[in-house]
C-alpha cells in the first residue's frame, strides 16, 4: 500500500483544463462550489485518491455501502476551457499529510495538462454578512488584473493568519512547481455552511472561465439556510431582540 | 525491526475460510464475540502480530508474565467454512497506523485464502437497549441479501459518523483489494461492555456460517453485567426513581 | 543524520554483563538507582545515544555547556557479573519512538554480550508508603524463582495498567529477541521522587548480582526528601492535622 | 517532493562566515536581531528552505501574493567576518522536524564554509526588565572567554528548562558536527515582543564580529513598544497604581 494511491477511474482528454479545488473548510464554501459544478454539469469521475493521510474511516451511504475516505477528480468539458474539479469529504489529518496530498493532487493536475489552479474557500468575517465579497491571493502579481476584472478583491495581508491546508498549499506549492495558482475565498461568517458565499465564488468562476451555471439548487439551499438562521435568531433573541449575535457552527 | 512483524506460530490449512475480526471498540462487542469464538471452539493460535503502531507497552498476566502488545489470529475448523479469527487488546495509536495494520491483517487473510471478511463491532445508541439489532454496512450491494436473511438490518447512512478504525478499514480497504467485506455492528448503549449485544452478533454469525455456538459463558457474563447495571441504577436513583439515565463506561 | 545515532565513547570488554536500565519514570526510581550505581562505582561511559526520537532540546550544565538530549551506557566491572547501565534524562516523545529506541538499546546490549536485562522503575501506590516492596514482571516463568529469592514480589496482573515506555518494551521486545528480561519496580507514592524506593530496588540488585553498594548518598537524599514531606504535611494540615493526604509531584 | 527542499537563490562566496540564526521564539528576540541585520545591511537572499516539516500554510503579503512557509538564508559581507543570517516566520511543527530542519540548516552552513554558529533567542524572566543581560550557553568550555569579553554572561544551569527548538539544536547538533556553536539569549519578560532585548543581543554581536550596526529602526520600535506597555499598565492599574504586573503576550 502506497502512502497516496491514485486510482484511474476513467481516461478523458481535456482541452487546456483548469483545476478547481473545493475541499471541506471555512463555511464549506469551496466544497459547495466544487460539488455544485460536478452535479450541475455533465461530469465524469476520472481519478479517486485514497491515502493513509486521510482519516482511517469509511462513510456509509444511503444504501449502506461503506466507502473508504477519498478525494475525487471530476472532468467537465466546457465551451471555453475544460475543468478538472477536485472535491471530497476530508483533508489530511496532519501537517505533513497536507504537503504530501497537495503534491499528489498537483501530480494529477500535471498529468491532465493543467496550467491554472483555482483553490476555493471561505474567509471568515466573524459576523453574518449580506454581501459576499470574493477575496483573492495569488502566486504571482501578473495574475491579479484578470481576477480583478472577474470580480475578485485584493486586500493587503488578508486573510491575516494566512491560508492553511490544501487551498493554501495548492497556491504555495503550485507556484513553486510552475502553476498559475490563485486562492478565491468567499466572505462568510465562519459559523454556518454558506451557499450564498458559494454563489458569489461561482459567479467569479463564471466570469473567469466563461461558464454558464444554473444556480437554482444552490439558491434553494441558501433559502433553507436563511430559514434556519432566522429561526435561530428568534430563539436566541426572544421578545427583546438584539442583532448579529454569534451563532454556533451548523450546516 | 519492521513496522509490522507477523510471527508464524502454527501452520494450518483452512478450507474456504472467513476472516472474523473483533478488536476493542464500542461496547467491546466485536472483541467479546471474537474471544468467545476462540474460547468455546477448538482453536489454534496461528499468527501473532507485533508492531510499533500499537501502544508501547506490555500487559502483565496473572502469573506476572509481561507480554508485548499484539493482535492474534486464531484458526477454527468448522463443518461449513473454517474461520480465521482476529482479536487482541489494542488498536493502532495513530491514523496511519490504522491503515498500515489493517493492510497487514488483510495480507494474513490473503495468505490463508480468505475471500470474505466480517468486521465486528458495536453501534452506540446512547441509551440502554433491550433488543439488540445487528446493523450492517457492506462493500458491495450484492452482499446485502444473504446478510438480511441472516438477521442483519441495513439502515440508510448509519452509523452517521461513519465507521472508524480497523473495522471500517477492513471493509474500505478490503473492498479495494477484492475481498467481500462487511461490518456487522450490534446495537449497544455505548456506556457498558455489552455481552448481550455480542450474543446478537454471534447469532447472526451462526446463521451466516452454519456454526453452532455454546452461549453459556456469554449469557453468564450478560447476567453479571445486568446485576451491575441494576445496582448502579438503584444507587443513582435513590428512593425517588427515574429511568434510563446516562451511565459511565464500565466493564 | 540517522534516526538513532550510537556514539562509541569507549571500548570495554565486559564479562557476562547484565543490562540495568533506569530512565525517568514513576518516582524516578529507576533513574535514581541507575545513577547511584554509576556514581558510586568505578564506571566508564561507553556509548552515548542521540536521536530525533528524544525531545528537540539541550540541557545547560553548571558550566553553561549545552548538551544534546541523550541516553548513556556506562560499564561497571564487578566481582561477579559486570554491569552495563543505561540512564539519561529523557524517554522517546512518541509511541513509535519508544519501540525504535528500545530496539536500539537492545542492539547495544547485544553488542556487549548481554543476556539478562533488568528494567528498573516504580509502581505507584497512590499514597505515601513506609515499606517499599519491589514488584516484578518477567518475560518467562523460569526467571521467577531466582528473583523471589532476591526479594522480588510477584502479584497477579500488577501493575494493572501494564508497563509503558522503555522499561515495558525492554521486557516485551527483549523476550522476543531472546533476552532474559525482567522489570523490577519499587513501590512508591507516585507523587515524589523516591530515594527510599530506589534503595529497596538496589538491595534487590545487590542480592541478584552479588554487588556491594554504598547507600550513604541515597540515604542522605532520602532524609532530605523526608524533611520536605514533613514540611509539606505541616503546611497543608495547619493546627488541626490529618494524615496521608495527596501531595503534588515534587523532587 | 523532498522532506526538506533547499532552493539556491543566489551564489555568493563568503569569507570565513559566521551563521547567525534568529527564528521565532521567546520575545521574538532572535528574529528581531536577524531581521534587523538583514534589513540594515547590504544583504543578499542566497537560500530558501521549504519543507513539509513547516506548517502547511501560505502567508499573504501586502500585494496579496501568497508565499509558502519557508526559512531564508541571507548573506552579508562585512569588514571582518562575513555573515550568513538565517531567519523566517516558522519553526518545525513536531519534535523530529526540529532535528531534521536543524540538520539541513547546518548542511547549508557547511556548504558556505561556516565554522561558528550563533543561535539567538530570548530567556524569559517573568517580569518586565530594564537592563537586558545577554545569557550564553556554549558547546565547548573554550568558547566562553571571548564571549564574556563581548558582554555575555554565563549562569550555572540557565535556562533551567534547557533550550528547546532550533536554537538549542544548532548548539547541540552543531557541536556534534564540529561547529563552534553558542546560544546568545537576551533577557526578556516573555510576554512581549522585545526590541530592547534584541538591541542588547545586537550589541554583543557588534563586539564579537566587529560589526557597526545602525540601531535607529530598532530603537524606534522599542519606543513604540514602551508606549504600548505604558498604556497597558495605566489601563490595568486604574487610579490606584501597582507595578510590574503580568502582561499578556503582544507584539
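A, B, C and D label the chains in the order they appear, each numbered from 1.
Basically, a residue touches a chain if its C-beta (ideal position, glycine included) is under 8 Å from a C-beta of that chain, and two chains touch if they have at least 3 such contacts.
Every value quoted in this text rests on a predicted model; they were computed, and no experiment measured them.
Colleague: Hey, what chains does chain B share as contacts with chain C?
Modeller: Shared contacts of chain B and chain C: no chain.
Colleague: Report the inter-centroid distance (CA atoms only) between chain A and chain C in whole Å.
Modeller: So the centre of chain A lies 53 Å away from the centre of chain C.
Colleague: Would you mind pulling out the distance in Å between where the CA atoms of chain A average out and where those of chain B do?
Modeller: Roughly 38 Å separates the two chain centres.
Colleague: Hunt down the residues of chain B that sit against at least two other chains at once, touch-wise.
Modeller: Expected reply: no residues.
Colleague: Report the complete set of touching chain pairs.
Modeller: A-B, A-D, B-C, C-D
Colleague: Inside the complex, what are the residues of chain A that reach chain D?
Modeller: 92, 95-96, 98-100, 102-103, 136-141, 144, 154-160, 162-165, 168-169, 171-173, 175-176, 183
Colleague: Which residues of chain B touch chain C in their complex?
Modeller: Those residues of chain B that touch chain C are 1, 50, 52-53, 55-69, 93-94.
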